[in-house]
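Dropping a structure here in structure tokens format, bear with me for questions.
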Amino acid sequence: MNKLKTNLFSALRAIGKFLLSVLKHPKGRLGVILVGIVVVAAIFAPYLTPYELDDYDIANGLAKPSAEHLLGTDKNGIDILTQILYGARISLIIGITTGLCVTLLGATLGIVSAYFGKVSAAVILNIINVLLVIPTTPLMMIMSNLSSSYLMMIAIFTLIGWCGTARMVRAQVLSIMNMNYIRAAELSGGSKTYIMFRHIMPSVSHLLIMNCALSCAGFMIAEAGLSFIGLGDPSVMSWGKILVAAQESAFTSGLWAWVLAPGAAIFITVFGFMQIGYALEEILNPKMKRKRVKHRKKSASPALDAETVFASMTEMSVEDAQALKAEFEAGGTNA
Amino acid sequence: MKGYYLKKVLSSLFVLFIIISLNFFLPRMIFSDPAQPYFAGVPEDAIALREQIREANGFNDPLIVQYFNYLGRILTLDFGESHYYKESVWTVMFSRIPWSMVLTVSSLVFSIIFGILFGAVAGKKRDHAPDKALLALSGVTTAIPSFWLALVCVMLFAFTYKIFPYRGAMTAGYTLSMNGVAFLIAFAVCMAAAITLKLVLKKSVFIFAGIPVSLAAGLLVSVPMADILDVAYHAALPVMIAVFSGVISYALLVRNSMIAVTNEDYILTARAKGLPPRVVLYKHTFRNALLPLITNVGMSMAGLMGGSVLTEKIFSWPGMGQLLLDACNNGDYMLSQAILLLFAVITVVCNFITDLVYHKFDPRVKEV
Amino acid sequence: MNVLEIKNLKVLFRTGEHFVRAVEGVDITVGEGERVAIVGESGCGKSVTSLACMRLLNTPPAYIAADALRFTAKDGTVHDLMQKPENEMLALRAEEMAMIFQDPSTFLNPVMTIGEQLDEVFIYHMNMKPKQARARSIEMMKKVGIPDPAMRAQQYPHELSGGLKQRILIAMATSCSPRLLIADEPTTALDVTIQAQILGLIRERCEKERMSLLMITHDLGVVREMAERVYVMYCGKIVETGTVDEILSAPKHPYTKALIDTIPDMEEKVDRFVQIPHNVPHPMHKPEGCYFSNRCAYCTALCRKKQPPLFDRGDGRLVRCYYQTEELWEK
């Protein structure tokens, strides 16, 4: 019981340390702040705005930004800022869920294809070949006949999107398996599962974690695009849908905020996730870690000039050297 | 060598077969009744009429018979009839394909050209202004959804400043007049010239370059200049937006591989031979650095097809993407599945071509 | 007359804000028709020295300084390589000084045919038409003993064996019959049986075209085979020079002696191979005094105190050690 407690404690501490290192990293900090803002907006949307998504006020439609409506209203008089705050919910849910699902599925299948024999490799590679040529958006448009829910979108994103991750993981695993240290581990009697978890997983995991953050970002953009062409649950507010309405009425009435704000929201979220991804890559990849240490030293020591180094590279003259030797020999005999 | 091509052809055909089969099973998964697309306009309660339609279209046959019938129809390029347009799917698609090609081909070509130029300039000297600009831009542009960029540009250039038109591929009321015979003649003449050049000078570059040049020549001869300019004017904005995001990603790719190749040993050999820097750069570095780009262009085809839906919706461009969107909204299933298949075929063919081109530039056969 | 004269050559590499001292004041001369070798362990700066002579190091990260870096061309004009602008260096490379590299499989461009790569030298240095150039390339390939050269010229590097590729590199380097040929470990990546052939070929080409040779190697066997005079390098400095026979039979620097001792004797059966203790110091953390002091069996407090200069021991032999040979071997 006590042991479990200490284990749990040390695990928590490791996680805390890791999170702290993300916060210490400049890109990571920026990413966490940006994503944090969006998460707060999504969770506390009802408290952040006095309006609701169904506050019809047609008389006050197409209003320009004002103190009452910071970003103006749409043609039904619904506050745009409110729409954006609520829209953050679906964007985050789709992005994160799909990112996680794709990474899990892709990693599993990628490792299986690289590690478990020729048959599984052939099957998975052929599936990948087929998936790579299926255009996702058109397929999703056709499938939307079946169901327009966002669950469907996540499912299709996952079913098609895993192949990129799988290819990357497979390539990485194969290149590691060719390394001599894996052969050495095999020769010294390490079992397949042992090598898998002890040697291969650690060198793939940092790629996966980064890839997960980047695919979250990618799927958020994809979700916005699909919502824009009218896919997804019509009763749920999303950033893509705000832009559809904006295209219909904002252009002619010159309501810039209506067009710019949802895009800025997408940009902030996606950019934030990407920064977190890059930060994780730099923190977790041992090759890039060294670079950062050097970077820190750089600011500490002043720049050296090649000329001064050249000038410092002088040699003793032969006479001086002989004198020094004589001196040392005299000292040696004295002692 | 022959075995390599054969393998590629077979794997492409296999992929196509899978997609065709998928197309057969999709409606049987999506709809409670696979014949539903045929019931357009038929009321729910006209059960007898519905049954009649089912019988006529073979939906009462065993599944395996239906499947083979379907394969037979696809092989004879019979996609059936569009319910919405009351025309054969082929006729409907054919009128849209050239418009989509105008957009996708020109954005792809310009993206590749400018991407290579930008990437080469950035990769030539690391940490100089163009390189830093590229890295900074790529960090930001990947996070910008390109359809939103398109919206902002439309609002700015078409509504606020009225520099570009905001919708359509031609000025309202105009139609494209094209002299088919003139096109064919010009195309044939140019292709013949390219083939003779290839046979005389024994350089297959002429074939690769000959096809686009002949197409362009054919269009120039067969379409009135005013029409070409009108289309170009309408296409300018969507193409520029597509090129903007395309250029950055291709340039980044070229830049990264340029930097990787510059550190290769054989570049040192080339320099030790006393070759002028421009020869080292273009003949040795560049040629090797472009290899990843070729594969990447092939891989990006599927995404390009999907992206066309968004662009065409924003600009009301009368292309395949818009057609697909309409077909889905109208429940015109025969049409939408044909478009899906066409997109997949285009992707497979493009992948095959990029494989050939890659093989041409890199003699080492690589198993991917 | 000296073909190549290097005086006090120093090369630095910038990493971040620090400088790595790769070469620290090296003097080397190569006479006309002479075959000279630089011997040393990997990382001692011998390849960097040769690249600096060809001016093939990129600045940055590399910084070069020298009191003199002179090259005498075929027509007798003396070129100051330190001051030469890059466009004039281009004419010197391949025409006057050429280089053969270590690993033939990575030093040939994988996407160009062998013929194309050989033709370039003739096209850019002799202003030949492509057809003429190809004829000359095939002639060159014949000279370096490549069977069926016309067919090989159409092939790509990956279709050739390592030995053939090294022959191509030799053909490429000697095609303008340069005054000086620099060979940077040309046999390290090859099978032992091929090594002898390639060394023989390099020697034969040098004698026929009356080229001087600067051979860079870590293999004392290669030195014995190829060179007349030897420079032994350690940690960016020359520690001993002399003729091959003198150095190999009577080494005067502890490092040279240690190197020779590591060669296993074919006659004797030993339990353990002779080793030099410890490793070459990291270029950023070289020892305070003599760079070899931490591995030297004869090291004294004096050695740890200060780096000794090169002492002239007569007969043109220079040794970087405080102690006379007799003093050392006594200890």
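As written, the chains take the letters A, B and C, and residue 1 is the first residue of each chain.
FYI, a contact is a pair of C-beta atoms (placed from the backbone, for glycine too) under 8 Å apart; a residue touches a chain by one contact, two chains touch by 3 or more.
None of these values were measured; they are calculated from a predicted model.
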Please find which chain has its CA centre nearest to the centre of all protein CA atoms in view. A
Maximum inter-chain contact count - chain pair: A-B
Cα-centroid distance, chain B relative to chain C, in whole angstrom: 53
Where the centres are mean C-alpha positions, what is the separation of chain A from chain C, in Å? 48
Roughly how far is chain A from chain B, going centre to centre by Cα mean, in whole Å? 29
Which of the residues in chain B end up touching chain C in this complex? 264-266, 268-277, 279, 283-284, 287-288, 291, 361-364
In their shared complex, at which residues does chain A touch chain B? 126, 129-130, 132-139, 141-146, 217, 221, 224-225, 228-230, 243, 246-247, 250-252, 254, 256, 259-260, 262-263, 266-267, 270-271, 274
Please name which positions on chain C make contact with chain A in the complex. 10, 12, 14-19, 21, 24-25, 63, 65, 300-302, 305-312, 322
Given the complex with chain A, which residues does chain B contribute to the contact? 11, 14-15, 18-19, 22, 26, 29-31, 139-140, 142-145, 147-149, 151-152, 154-155, 158-160, 166, 299, 301-303, 305-307, 309-310, 313-314, 324-325, 328-329, 331, 333, 336-337, 339-340, 343-344, 347-348, 351
Can you check the complex and tell me which residues of chain C touch chain B? 54, 56, 86-87, 89-95, 98-99, 101, 103, 106-112, 120-121, 124-125, 156, 158, 169, 172-173
